[in-house]
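Here chain A shows up in two complexes: once beside chain B, once beside chain C.
Let's look at the complex of A and B:
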C-alpha cells in the first residue's frame, strides 16, 4: 500500500471516528444493552444482575394480560389514525392543492398542532374535555345536546376515543404536509388531459391521483403506524392510562414497569417484544405495498 | 499546513468533548453538591446555602432537577456511572433505597445521628416518624444492615380537607366535620342538595387511591391483618377487603366524587378544591403552600378521614417527607453530614417551614404554624407509610388493586370482582416468588 493511500485511509478513519464513536455509544450500545437486560431481573439500581433467560418473555406472553390489553388499545388508536386522521389530512391537502384563496395560511394553521408539545396539547384538551367546566360540554349544552355531557376522559366508554381524537388532531398535520407535497408533484398536464377526455372528479382521482400517490400513502401509513403505536405523552398528560386500564398503551406499561415497579429487566423485555411487533408490522406493510404497486 | 491544523483541531475538540463526559470534579473538598427536585424551595435553599457558607466557609451548591420523575431517573443513572453528588434523595419505595444502599451509594448515618453533642444527639431533634422512613430495622426483608440511612428535612401527613365556607353555605357546622363514614355520607348529601359538588381527589395518580384504601383497610381490619394480606395469609377476597372496596362503590353510587376525579392529576384536583368547586379533598400537608398560591382566601380545615370502624385507629400516610441521603463514595462525606446536621437544626428548619409552609422535621421548630398546618401537625402521631411497614406488597398487586378501584369508581366492576382479580394477581406473584422467578 502506498504512503498516500495509507494516509488517506487513516485520515478518513480519523474523520469518521468521532461520528462512529458517538453512534456506537448512544445508539448501538444501548440497543444491544436492552436485549441483554431483557434477560435479567435488574431493578435499575443494583450492581448485581441475575440472569433469568427467557423468563421475562414467557411471563409477558402467557401471564400479562394488561400488556396485551395496552397493545389492543394502541391498535385501536392506530386504526383511527390510519383511517380518520389520514382521510382528513388527504381531504385538506386536496383542498389546498386546488390553489384556493389563502392556501398558505391554511397550510400554516394545519401544521401548527404537530409543532406543539404533546404535554401542552394534553393539558389544553384536558380543559376542553373537562366534565364540569369543559368547553366541549359547554358547546353541547349550547346546541341543545346537554344530555351528552360527561367527563370524557374519565368515562370508560369515551376515554380511549377521546385520547385518540387528541392524537389525531395533533398528528394530522404531518400527513397533510406529506400528502400535499405528493399531490403537488403530480404533473398538471395529466389532469388537463383527463378533463379534455371528459373525466369527472372521481374518475380523475381514481385513475390519476390515487395510483400516483401510492408511494406517498405507504410512507404516510408507515409513519402513522409507528408514530401512533408509540403514543405516550398525550396519555400521560390526560388520563395517565386510566380509568382502570382503558387508555393504557404499551409505552405507559413499559414506563410504569420500569419506574413505578423498578422492574427494569422486565420493562426491557416489554420494549424488545414491542419493538419486534412494530418491526413485523412494518415488514408486513412493505410487502403489502409492493403487491399493491404491482397491481 | 492548514489541512493539518484543521485535522488537529478536530481531534483536539473530540478529546475535549469526550473528556467532558467524565465524572464530577472530586478535587474541590470545600464544595458540597446537593441534587434536589423541589422547585418551590429553590430560593430558600439558596439563601440557606449562603448562610451556611458564611458560617462555615463550606460552599453548598444546590442543583435542581425537576420534575420528580426525571429526578428519580437521573439519580438512578448517576448511580450506574458513579457520578452521584454528595447529597441526594432516593425517590421511590423502600426497596429502591435498599438497592442504593446495597450498591454502596448511601452512607449509614446511624453513628452521626447517635453521637452525643451539646443539646443532645442529632437524632433527638427529629420527630420519631421523620427518621423511620429511612430506617432499616434488624432482620429486615431487604437484608440491609440495621441503621438510619437518611434524614428528612420535613414531615407530612396526607389527610382529608374540607371547605369551611361551603360547609356554612350548606348549613353545616364548619367546626364539626364528619367523624364517621355515615356522617360523611350524610354531609355529602346535604352539600349536594345545596348544589355543592362533594369530593375531589387526584385519583388519576394511583398512589392517592392506594393511600385512601390503605387508611380504611387499617381502620377496618387493623394493621396486623392488613400486613398478613401482604404476607399472603389473608386473601383479598376477605369480607373486610371487600368492605374497603365497597366504600369506593358508595362514592360512585352516591355520585360523591366530582366528575373526572378518576383520571385527575394533582394540579387539577388542587385547582378544583382551591376554586371552591368541591367541599372535600384528600391531600398532603404540602398542599397548604399550593392552595395559598391558588386562592389565598380559601377557608378550609384538615381532618382525619371519617372512620369506618371504632375497633382500630384511623391511620393516615405520612411521616418523613423530603429526605436526603449522603453519598458513601463521596470525598466530602464529612462536610455533607455537617451540612445536613446544620440544615435540620431548629433555626434552619423554622426558616424552611416559614418559607415553604411544610411541617418541619425538627420538633422544636413547630413555633408559628398556620391554623391548617397546625391541624396537620396534630395528626402526625397517626401517620404511617409503606416505607415504614414491616412487610411490603408486591407492586404488581398494588397496581392491580388501585386500577381495580378506578374500575369500581367508574362503575365498571363490583368490589367482589376486583377482590377476586387482585387475589389472582397475588397468587400469581406468590407462586413466582416461591419458584424464584422475576
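Let's look at the complex of A and C:
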C-alpha cells in the first residue's frame, strides 16, 4: 500500500472514530456485560463476584412469581394497546383520510400527548384518578354515577386498567399519525375504480385498504408491543407498582432488583430473559403477518 | 352548481345531505377526541393558578383570581428554575454532540472508505431493532467505573450515544441521495474532505438535521430512567427528575406541582408547534420506508 493510500484511509477513519468510540463504550460493552453479569451473584459493590452459571435464570423461571406477575401485567397493558388503542387510532385515521376541513389541526392535537413525557402525563392523571378530589369522580357524580367513585389507582381491581388507559391516551396519536400516512399513500384511483364497480365502504376497506396497509400494520404492532412491554415512566409517576404488586411491570422489577435489593447479577438475568421474550414476540409477529399476507 | 338545488328530494340533493350529515358527525367525534387530548393539559394549567385552599374546590376552567405568583414560587422555592437550567444544558449538549458526531459518521458511511465499514453499519443499525432492556444496569456499572456517576458528563455521553443509530441512519440515507457532483468539483479545487463535509454536504442536509434535532430534543427533555440512575445531587437534576423529587417531598402542594409541570411542558409545546411538520414528516418517512 502506498503512503498516500494509507494516509487517505486514516483520514477517512477519523470521521467515524468519535461515533465508533461512543458506540463501543456505551452500547457494545454494556450489551456483552449484561450477559456476563447475568451469570454471577454480584451485588454491585463488593469485589468478590461468584460465577453461578445459569442459577439466576433457573431461579427466575421457577421461584420468582413476582417477575411473572409483572410480565402478565405488561402483557395485559400491551393487549389493550394492541386492540383498543390501535383500533381507535385506525378508525380516527380512516375518518381523517378524506377531504375534511382542519385535518392537519386534528393531527397536531392528537400527536400532542405522545410528545409529552411519561412523568408529566402520569402526574397529571394522578389527579384525574384521585379518590378524594379526582376529576373522574367529580364527573361520575355529576352524571349520577357517584356510586362508582373510588381511588382508581390504589384500588386493586382498577389500578392496572387505569394505568393502561393513561398509556393508551398518551400513545394513540402516534399510531394515528403513522396509520394516516399509510392510508394517504394508497392511490385514490383504486378507490374510485371500486366505487364504480359498486363496492360499499366495508368491502373497499377489506379488499383494498387492509391488504395494502399490512406492512404499516406490522410496523405499528411491533412498535406498540416493544414500547408497551417496556412501560416504566407512567408507572413510576402514578402507582410505583402498587397496590401490592398489581401494577408492577418488568422494568420496575429490574430497577428495584438492582437498586433496592442490590442484586445486580440477578437483575441482569431478568433483563436478558425479558429481552429474549421481546425478541421472540417481534419474530412471531413478523411470521404471523407473513402468513396472513400469503393467504 | 345552481341546478343541484332545482328539485328538492332529487338524487343529488340526497347525496349532498348525506355527505353533510356524515361530515358533521365526523367533526363532532374528532373534536371530542381533541378535547380529551387537550383538557388534562388545560386543567393542569388552570390548577397552577389556584391556591392550595381553592385548588380542590374551585372547579372553574380559569380561576377568577389567577395566582401567577405560584410560578415565581415554583421557579425559586421549588427549584424548578434550577432543574430547567439543567434540562437546557443537557439538551443543548446532547443535540450538539449528536448532530456533529452522527453527521460525521453518516458522511463517512455514505462517502468515505474505511476498514469494516459495512459490518459496523449493520451492527450500529441493528441496535435500533434489538431491545436490550437490562443494558442500563451494565451502563450504570460502567459509569461507576469511569467515575461518571453523579456528573453531567455521565448523563450526557450515554444519551449522545443513544441517538447515534437513528442519526446515522437518517443522515446516511439523506447523503446517499445527494448528487456527488458538487463535492467532486470541490475536490478538484483542492478542498480537503473535512471542508467538503463541513461546507458542502452538511448545509445541504439541513432538512434531515432538523428532523434529527427535534427527535433528540424531545428524547432528552423527556428522559427519566437514566437521570434517576445517574444523578443523585439535586443541583444536577433535569426537570423530569425534579418533578418526581418535588412530588415525593411535597405531595400535597398541587398548585406548585402543576406550575412545575407547565414549566416542563411549555418548551416542548413551543418546539412541537413550531416544528411539527418536521416531526410528522420524520415519523411518517420512517414508517413508510420501514
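One rule holds in what follows: the second predicted complex is superposed on the first by the 284 of 295 C-alpha atoms of A that agree within 3 Å, B and C clash if a C-alpha of one lies under 4 Å from a C-alpha of the other, contacts with A are read in each partner's own complex, and residues count from 1 in each chain.
By our rule, contacts are C-beta pairs under 8 Å (C-beta built on N, C-alpha and C of every residue); 3 or more make two chains touch, one makes a residue touch a chain.
A quick note: this is a predicted structure, and the numbers were derived from the prediction, not measured.
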Next item on the list: Answer with clash or fit: chain B and chain C placed together on chain A by superposition.
Entry: clash
Notebook entry, point to check: Thinking of the overlay built on chain A, is A:252 touched by chain B (first), by chain C (second), by both, or by neither?
Noted result: neither
Next item on the list: Identify the partner contact of A:230: answer first if only chain B is touched, second if only chain C is, both if each is, neither if none is.
Entry: second
Next item on the list: Considering only touches as defined above, state whether A:73 meets chain B (first), chain C (second), both or neither.
Entry: neither
Next item on the list: Have a look at where A:221 lands relative to chain B and chain C in the superposition and call it first, second, both or neither.
Entry: neither
Check: When the two structures are overlaid on chain A, which partner does A:18 contact: first (chain B), second (chain C), both, or neither?
Finding: both
Checklist line | chain A: partner with more touched residues, chain B or chain C | finding: C
Check: Which of the two partners, first being chain B and second being chain C, lies in contact with A:44: first, second, both, or neither?
Finding: both
Notebook entry, point to check: Counting only touches as set out at the top, which of chain B and chain C does A:86 meet: first, second, both, neither?
Noted result: neither
Check: If the two structures are placed on top of each other, which part of chain B overlaps chain C: 73-81, 127-135, 361-369 or 397-405?
Finding: 73-81
Note to self: Residues of chain A that sit at the chain B interface in one complex and at the chain C interface in the other, please.
What the structure shows: 11, 15, 18, 44, 132-133, 259
Next item on the list: Could you pull out which chain C residues touch chain A in their complex?
Entry: 23, 26-27, 29-30, 33-34, 36-38, 40-41, 43-44, 47, 56, 59, 100-102, 104-105, 107-109, 112-115, 117, 120, 123-124, 127, 130-142, 157-158, 160-162, 164, 168, 193, 197, 218, 221-225, 228-229, 240, 243-244, 247, 254, 257, 261, 264-265, 268-269, 272-273, 276, 279-280, 283-284, 287-288, 290
Check: Which residues, counting only chain A, touch chain C once they are in their complex?
Finding: 8-9, 11-13, 15-16, 18-20, 22-23, 25-31, 33-34, 37-38, 44, 92, 95-96, 100-102, 105-113, 115-121, 123-125, 127-128, 132-133, 135, 138, 169, 173-174, 177-178, 181-182, 185, 216, 219-220, 226, 230, 232-233, 236-237, 250-251, 254-255, 258-259, 264, 267-268, 270-272, 274-275, 278-279
Notebook entry, point to check: In the complex of these two chains, what residues of chain A are touching chain B?
Noted result: 11, 14-15, 17-18, 21, 41, 43-48, 52, 55-56, 59, 63, 126, 130-133, 150-151, 153-156, 159, 238-240, 242-245, 256, 259-263, 265-266
Item checked: chain A partner contacts - residues on chain B that touch it in the complex -> 7, 10-11, 14, 17-18, 69, 72-73, 76, 79, 92-93, 95-96, 99-100, 102-104, 197, 203-206, 258-265, 268, 272, 277, 395-396, 399, 403-404, 406-407, 409-410, 412-413, 428, 432, 437-438
